[in-house]
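Chain naming follows the written order as A, B, C, D and E, and within any one chain the residues start at number 1.
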Amino acid sequence: MDGYHQHQYLEGEVRIPSGCAISGIIDRSGKRFSGSDAITSISVMHDRSNGLGGGFAGYGIYPEYEDFTALHIFYYGSEAKRKTEEFLEEHFDLINLSKIPTEKHRAITDEPLIWRYFVMPLPTKLASSQLDEDEYTARCVIRINKEIDGSYVFSSGKNMGVFKAVGYPEDVGAFYRLDDYKGYSWTVHGRYPTNTPGWWGGAHPFSLLSYSVVHNGEISSYDANRRFIEMYGYACTLKTDTEVITYMIDYLHRRQGLTLEEVSSVIAAPFWSTIECKDEEERNALTYLRNTFASMLITGPFSIILGYNGGLMALNDRLKLRSMVAAEKGDKIFIASEEAAIRIIEPNPDRLWYPIGGKPVIAELYTTGQGGAHGHQLPVSGL
Amino acid sequence: MAINYLYPDFEVQRNESRCITCRVCERQCANLVHHYDAETGRMTSDESLCVNCHRCVSLCPTRALKIVKTDHVFKENANWRGEVIQDIYRQAETGGVLLASMGTPKPYPVYWDKMLINASQVTNPSIDPLREPMETTTFLGKKSTTIRRDEQGKLITDTTPQLKLAIPIMFSAMSYGSISYNAHKSLALAAEQLGTFYNTGEGGLHEDFYRHGKNTIVQVASGRFGVHPGYLNAGAAIEIKMGQGAKPGIGGHLPGSKIGQDISKTRMIPLHSDAISPAPHHDIYSIEDLRQLVYALKEATNYTKPVIVKVAAVHNISAIASGIARSGADIIAIDGFRGGTGAAPARIRDNVGIPIELALASVDERLRAEGIRNQVSLVVGGSIRSSADVIKAIALGADAIYIATSALIALGCHLCRTCHSGKCNWGIATQNPELVKRLNPEIGSEHLVNLLTAWNHEIKEMMGGMGINSIEALKGNRLMLRGIGLCDAELRILGISHAGA
Amino acid sequence: MKRVYVNEAWCLGCHLCEYYCAYANSGLTDMVKALKDKVIRPRLTIEQEGTISFAVSCRHCTEPLCMKSCIAGAISCKDGLIVIDQSKCVNCYSCIMACPYGALMPSEEQVMQKCELCATNSHGQPVCVQGCPNKAIVYEER
Amino acid sequence: MKHIVVKSRDYQEVNQEIRSTKDKNIVLSEVFGQRYLGSSLKDRELTIEGTAGNALGCFLDGGIITVHGNAQDATGDTMNDGKIVIHGSCGDGTGLAMRGGAIYIRDSSGYRSGIHMKAYEDKQPLLIIGERAGSFLGEYQAGGTIIVLGRNQAGKSPVGYFCGTGMHGGTIYLRCDTLPVSLPPQVAVRDADEADMQVLGGLLEEYCSLFAFDKTELLASHFFVLQPNSATPYKMLYTHV
Amino acid sequence: MHYLIIGNSIAAAAVIEGIRSQDPEGAITVVGEERQACYARPLISYLLQGKTDEEKMRYRDQAFFDKHKVTVLCETRASHLDAGTKTVALDDGTTLTYDKLVLATGSSPFIPPMEGLGQVKHRFTFLTLDDALALQQVVKGDSRVLILGAGLIGLKCAEGLFGQVRSITVVDLAPRILASILDEKGSAQVQEHLQQKGLTFHLSDRVKEFTANEALLESGTIVGFDMLVVAVGVKPNTSLAKEAGLAVNRGIVVDTSMRTSGKDIWAAGDCAEAEELVSGQHKVLPLLCNAYLQGETAGKDMAGLTEPFNQAIAMNAISFFGLHVITAGLYEGEEKLFAEEGSYKRLFVRDNHLIGYILIGKAVERAGIYTALIRNQTALDTIDFDLISRQPALMAFAKSVRQQQLGGSV
């Protein structure tokens, strides 16, 4: 462990509530564009961050390795790197490994070693584990993060990558040279943690496999959620809201096979009084989901953008205690904490609306999803 | 008469300048403490009969009465305290087992009072329960482990039977026999009005109360009193009572003198014969036998009722709970050692079992460690005294709470702890019709409804303060608790940090 | 009209209603001063026999025989409330002869008195109802 | 007339410039979410082109702010007097704790509009929303008037859930044929009568002329009037220790 | 619609209330012989006693007549009734027409012929307020009063004068006082009470001859007096009815709706003769309570609501110097007697029903419960008669009846 961290609480040793800014852009035609729009967008909301964390997730950025898991790893010291690579070699075929290219930036300091690996599970290991590839990879990632001191996998999806650091998000974008990457969707986060340690791993997006979450708000249900999700093999090492949200989404969407709408009606379940108003079939379904996964209800203010292969989902808490705006222009869908963060990159959207609390906005590639941005909306007309 | 070593514990103090000799004290004391002396035109009292139930004090219209602790003492002795000496006198004189009622009065630590609750400041808004939705609805029962869909891909939503509580508090088991008809009726009416449940205890279900079935939990205990298929199907859930916090490992008996016409009929036993509840169920000598009974009850009710297994909090409670969770039970009820009772051997009540706070914390943690917490709901009882206790219990991991002593106090009980005498002046723990009449269920149920409505408001306020607007987000949310004045071992078991950390 | 109704199932025979009544109609603000060492003359009666007891007080009949029998025109009906003008009463007992409930009785001053639902004393609400520990007497619209 | 091009300039700088200028009329163009524009402004008119940032016109004290575009969250936060005119929509928390003046929104407003609005003597705040408002409209309202005109809503209720929750003063007028769902128990609803229509006629005068809406046509529709049952909804809640 | 009421006492007031409960508008005229507005005659003895005054004696005040829009003609006598033309001639020469008429003419004192009566200077009857006022005029501290008649009127007069005069002597033909309402033992008890107070009785005796200040009794006793009150009885005022050809026995005969035999003519009060409940016979019951109930029944019937009143029974509540006496019904059949110090109770039972009672002293408490047993003709085997005969109590009724009485409608 380096000196910086020896004198401070590590992320995960204390729970850090935080407020933030988020933004997300997707081109549903699959056209890839650089990270600079995301940087511009988040920079408008500078006041919502405090320089203690910023980060990006880009989807479609590694087309040449799309069948391989891209692991982005922070190392604090070469011993951590050695142990981790040993572990990786034991469990995966390593196709490519390199340092992630960065550019020195005066606002970004104390950087760890930042490495990238494109990997595929060793077929024999995978077979003997009796797990599917995702579960196998997820467990390996959790093990590294939990068991190898000084090593932290912060991105583990396919054809996607997370880039994050301590600093303002626009500086983080420059540091990682995101102009050089092209993706069909981007999410970005500026962080305003209310407790001191800003640790690189603690910045958003938080990611597991191809799921990445940027989050604005602070949830009051944290420990109820954490203690529940940890029953299912997850280890919440970072003690952040975003981490637990990501795991819950992974559990509900990937492992339980719920649709994203169903996931939303678990984690941002409608009030019972609202459920009562629904027709019988919907009422039964909503009651079933809320009751079955009662401990995954998230309370307190939050707005998140979930990135996944092929789409973005934005979701507000059911009281809509955090702001969120969405807009559409041609093939592109924009989501941000503030309208200005959209206008700065797209001054004249075709339409613009305020998503309703507890109801997801889902935007997917035409090829993988329905292609529309759907969900309940509070439209803003006159545009 | 032989020498009487015992001096009365209490003195009746009558303020003569206030007494208007209305004689209500005389008329209302079933222990015959007060008398009117026609010669002097004054009231007199025999305090040796007084149990300090406050009936006379409460009804005296001029507040001319109070009961004080006698200042008659033994020579001071920190070890051989007066009560210890008196107990020995009692046993020496009678050769009897000391019998006592209600929860233990001994000064064991109350962990509820050593935990503090969190509130939001700045980073997260607190919520006002009066205007924003604030939900305390709770479902009890086994949850699905995997999502199933039909051919159209629609969710299959038929869960195993659940209990829906509008408020996460239920009235725990008290049998008709241990408490009166009117006390039962009060509980039934209140449960119905509150959208929660009351529990028959092991005394069967009076025919008048079948109409409250949808708010009734019917209990099956070792005595199997009044248990028949109609009874099992009458309630919303069935509770198997393995043990009770006040007297773990001990059976009980309702003396034949209390088995009047109505109770005899309800319990389905002959008039004036003792109603004996054995210590164990004689068909359950092991955990797999429990499973057999659980499924026997499910078969008898065609899998329409959740089955609760109630156990006393004992040393290896978490292992026991794990076993119960795997027995097919839908709900585990754990009763802490401070729980009340109509009658228990005093030494057992005061020395056997563990506090519910620690039992709950360790059971919840154990079930989570085993990944089976969602397969079973957890209900805890045993001296839950306020909404703050409720909040703390839920934050430690309980789904819902059982209350009994608090409910009895709401009905007028003054905790004089002489339930076993059958002369409850408040009409609660008695079968004497003259005394039973003193509890008008209309008033009783109103008080219970008021109490839980007030608690629910407080729960909502505290939840709102934490920024939580649905009770499920509080469940097991131990970050919302901090310990105060607790040692490391206690903090570790409770799974909470010390205040300030 | 709201009246006092009795449910004997809940009457405990504690007689508190009688004392509260006597106090309420004493005109004094201190119960002790009003009742101590006095023979009370409540405006309601507890009937008691074995385990049964209940309070009886004026029913405020819609066809009040007491009023119709009063030779002095001292009893009248004000918005359903049957009241006695004690200054007119000559203590002839015609009302006692007429009332089927036995709800009238002479006062200490030897004029008739009866329950006037505490509407005519300083309490305003029937004090027997407030003082009943078991809702055996209620004051309501039926 | 002073013209400031804002673009990506820092809000502190822009507000400083507004404060230091002597012109009565100030135009801000190319605004991208700068916060606190027109904060505590008095005696001046501010015209904004673009997207006004959070807390637009907070503590406004008599000035007039006109936005050609949308405003973000907390527009008119605790405003005391003056006027905010939005030729577009607003985000959440519009008119938060507003206690005087008027906010006129041509289109829609987000969650918690008019939250904790209050009135005192001659301070009678007014919030008019042309189309629809999100959930919790008039939450905790203690005074003043909120009007939602429900334009383009086809007679459906133009507000979300929990409208008027915690309301203990003031009035909400809703122009629609269907009541919102989940109205809280504190709120009493009635149909607008002749006297209400008179009041509405007065209140809508300026609004309609600003946006060139046909007042007569608006007033020809059905309005609901929402008022609190009690000024002290908490009274019965407590007992003393 | 014009309602005409002849008489201005209790029955008249009740007629007005009866009419107005049904008909708020029809014109009502009351014709009364007396100077004073409506008052209750039984109060005159209390006036003498000083327990009431003229103002308080008013049974219904002026506001009552104003509120009910009633025209009252005082000091006016109806001299002739023509049922055919529906007119009533008044002694001032005017004639009133009516649509509906009620005769509430009351009764008058009966004065038997007695020798030398004309020589008596201070000679009174005791029925009206004017009688009482006239008496009051001449009362002096040293007056010796002779009262003929030991019935209710005579004795109430005696009580009224007691303490204001030197002596009171009562003479009655009957062997005991209050013979019409009390049994022997009861009479004796009351008599003893009155004698203790200082009244002198000459019973089974009568005045043979009066001189100015002395009465010679048949027994030979000579009673000196300064004032004479004749209170031997009353007779119903039926002359108008007789003239008009209505059926009249002792009183004007009426049915249970108080209709007389004449079209659109009702009668109520002391002048009327209606069926008595217990005996089933037509009787004049000169009791205030009956006057009211009959008047109310007549008034309602006149205005269109027929509610028969068939519960008339003879009953009396009377007190002398704090000793209360309440009696009702007939004194026949089996009896139950309870007598103790200061309390006397006799109940009369026939065919499973209570038909009469005599209560004296403490026994009068809650007497109405007994009255109701007679009135409602309660079958005694449906109640705990043992209990109720000891003490009038609702406890004696079945629980369901009690619930109805105390928890149900009234």
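In the analysis below, a residue touches a chain if its C-beta (ideal position, glycine included) is under 8 Å from a C-beta of that chain, and two chains touch if they have at least 3 such contacts.
Worth saying up front: this structure is predicted, and the values here are computed from it rather than measured.
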Remaining connected clusters, assuming subunit C were absent and nothing shifted: A, B, D | E
{"item": "Chain-contact steps, minimal, separating subunit E from subunit A", "value": "3"}
{"item": "Centroid-based (C-alpha) most distant chain relative to subunit D", "value": "E"}
{"item": "Per-chain Cα centre nearest the global Cα centre, belonging to chain", "value": "B"}
{"item": "Pair with more cross-chain C-beta pairs in contact, given B-C and C-E", "value": "C-E"}
{"item": "Centroid distance [mean C-alpha coordinates] between subunit D and subunit A, Å", "value": "35"}
{"item": "Centroid distance [mean C-alpha coordinates] between subunit D and subunit B, Å", "value": "52"}
{"item": "Euclidean distance of C-alpha centroids - subunit B vs subunit E, Å", "value": "69"}
{"item": "Centre distance in Å when subunit A and subunit C are each reduced to the mean of their C-alpha atoms", "value": "77"}
{"item": "Of all residues in subunit D, the ones touching two or more other chains", "value": "136"}
{"item": "Each pair of chains that touches, named by its two labels", "value": "A-B, A-D, B-C, B-D, C-E"}
{"item": "Residue ranges of subunit C touching subunit B (in the complex, touch as defined)", "value": "9-10, 12-16, 19-20, 23, 31-32, 35-37, 51, 131, 133-136"}
{"item": "Interface residues, subunit C side, partner subunit E - complex", "value": "3, 5-8, 45, 47-49, 52, 54, 56, 59-62, 65-66, 68-69, 71-73, 87-88, 90-102, 104-105, 110, 142"}
{"item": "Contact footprint of subunit B on subunit A as seen in their complex", "value": "15, 17-19, 194, 217-225, 227-228, 230-232, 256-258, 262, 269, 271-273, 281, 284-285, 287-289, 291-295, 297-301, 319, 321"}
{"item": "Residue ranges of subunit B touching subunit A (in the complex, touch as defined)", "value": "120, 122-125, 127, 132-133, 135, 137, 139, 143-144, 146-147, 154-155, 157, 159, 162, 368-369, 371-374, 397, 466-470, 472-480"}
{"item": "Subunit B partner contacts - residues on subunit D that touch it in the complex", "value": "136, 139-140, 162, 165-167, 184, 186, 233-234, 237, 239"}
